[in-house]
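Shared between the two complexes below is chain A, which has chain B as its partner in the first and chain C in the second.
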Partner chain A sequence: MWVYEKKLQYPVKVGKCDMRMAKYLYTQYGGPDGELGAAIRYLNQRYTMPTNEAKGLLTDIGTEELAHVEMICTMIYQLTKDATPQQMEEAGLGTNYAIRANALFPADPNGVPWTASYIQAHSDPVTDLTENMAAEQKARAAYENLISMTDDHGMRDALKFLREREVVHFQRFGEALRIVQEYQAAKKIF
Partner chain B sequence: MKEDNNANNAGVGNVYPCIYPIPFMPQYVALANAYVPYQQHAKSFLLCEALKKGTLFPELYQPYEVKIGGGRHNE
Partner chain C sequence: MNDKEILLRSIQEVEFALLELNLYLDTHRYDRLALMEYNYYAQNLMMLKYNFDMKYGPLMNFGFSPSVDGWRWIEGPWPWE
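And then the complex of A and B:
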């Protein structure tokens, strides 16, 4: 069960002048290391985790990733909501306009739709947690790419927040892995 | 960071409570395993500052410094 709060996890205010970023932000919406993939990956993996901490952590972080999807979508929407077809074209979103006007879509910057092939699940908790740690590093790196591509203060501010969350998530998955390692060692003894 | 092993992780309700507390680093390490230090005592930022920074914990705050030439207008 979920409880929805009608506000963003972190306030987002992006300037209109950097519209080309709308296209690039799509990597964190429906791209291979994006927030949607993260959310689905964790919420799907949690069932087969052996410890309560790992189950709870995947639920918590998976939920937070949904809040990040919402932030990224809000940024894209703020940039594109009033854009004319010509402005969309200039921002590299002409194909988006042809297919769906100013609507958003879970795809990467090239318009390639999000796919579950970006994620995996093994039921082996070491394997799954290691995938998740890698996923957090990839998302952190993607945010650094995005931060380097814009000078817009509001955009950078939100991207820096999201990047820091990836650092924290890596730490928490690492701690979950430590618990699982101890758990598996204890299981061998008792 | 201090290595106090008694601070947290009571492990209440867990299947193997004997594994707690988890030490900062494992006592015995094995090849082909990855280990992340387990966070112990946490100092914290003020809440308003924590929201701005993206973490409550100073030891986890690792901001990105944009490379020189980063940002499209600085090229």
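And then the complex of A and C:
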């Protein structure tokens, strides 16, 4: 069961002037290392985790990633909501406009739709948790790319918050991995 | 910032502390100090949310917030607006 809170995890205030960022932000919505992929990856992997620590952590981080999806979508929406077809075209979103006008869509900046092949699940908890640690680093690097592409203060602020979250998640997944490995080692003794 | 934004901002801050403590406790379940902090902020959050719900309408759906003054859940602005 999930419940919704009618607020963002962190305030998002974007200026109107950097509309081309809307296209680039799509990488963190429906791209291979984006927030949607992260949420689905963790919430799908949790079922076969052997320890309660890992089950809890994947549930909680997977849920937090859904809040990040909402922050990214809010940024894209704020940037594009009043854009004319011509402004969409200038921002590189002409093909988006042709198909769906100003609607959002879980795709990468090139319009390639999000796909389940962006995630992995192998039941082997060491494999899955290591995959997650790599995924967090890839997302951190993507946020650094995005931060370096804009000087909009509000956007940089929100992107820096999201970048920090990737660092914390990487740390927690590392701890969950150590606990899983200790659990596996203890099982071999008895 | 207006009064609503100030209250919402404090809810976001306290929830952030709780989320951080929650993830930390997931992998450090026997840390008593972190647990004390978690319970302290949880109490804090309950009061802040109650204040918000009463003044500005429900923050949560499905009965997790009361809706005393008519059905205010569907009133805008929504978080992305």
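In this section, the second predicted complex is superposed on the first by the 190 of 190 C-alpha atoms of A that agree within 3 Å, B and C clash if a C-alpha of one lies under 4 Å from a C-alpha of the other, contacts with A are read in each partner's own complex, and residues count from 1 in each chain.
What we mean here is this: a contact is a pair of C-beta atoms (placed from the backbone, for glycine too) under 8 Å apart; a residue touches a chain by one contact, two chains touch by 3 or more.
As the structure is a computational prediction, the values presented were derived from the model and not from experiment.
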Review point. Should A:Glu89 be classified as contacting the first partner (chain B), the second (chain C), both, or neither?
Key: neither
Check your understanding: Looking at the overlay, what does A:Glu131 touch: chain B (first), chain C (second), both, or neither?
Key -> neither
Exercise for review: Using the superposition on chain A described above, determine whether A:Lys187 touches chain B (first), chain C (second), both, or neither.
Suggested key: first
Point to revise | Contacts of A:Asp151 with chain B and chain C, given as first, second, both or neither | key: first
Practice item. Scan A:Ile179 for contacts with chain B and chain C and give back first, second, both or neither. Key: both
Review point. Touching A:Val168 in the superposition: chain B (first), chain C (second), both, neither?
Key: both
Point to revise | Partner chain in contact with A:Tyr4 - chain B first, chain C second, else both or neither | key: second
Practice item. For A:Glu53, decide between first (touching chain B), second (touching chain C), both and neither. Key: both
**Study point:** Broader residue contact with chain A after superposition on the shared chain, chain B or chain C
**Key:** B
Exercise for review: Using the superposition described at the top, list the residues of chain A that contact chain B and also contact chain C.
Suggested key: 10, 53, 168, 175, 179
Exercise for review: Give every residue of chain B touching chain A within the complex, in rising order.
Suggested key: 13-16, 18-19, 22, 26, 33-39, 51-55, 57, 60-64, 66-67, 70-74
Point to revise | Footprint of chain B on chain A - complex, ascending | key: 10, 50-53, 130, 133, 143-144, 147-151, 160-165, 167-168, 170-171, 173-175, 177-179, 181-183, 185-187, 190
Revision key, fill the gap. In their shared complex, chain C is touched by residues of chain A numbered 3-11, 53, 56-57, 60-61, 64, 70, 73-74, 77-78, 168-169, 172, 175-176, 179
Review point. Which bits of chain C are touching chain A when the two form their complex?
Key: 8-9, 11-12, 15-16, 19-20, 22-24, 26-29, 58-62, 64, 73, 78-80
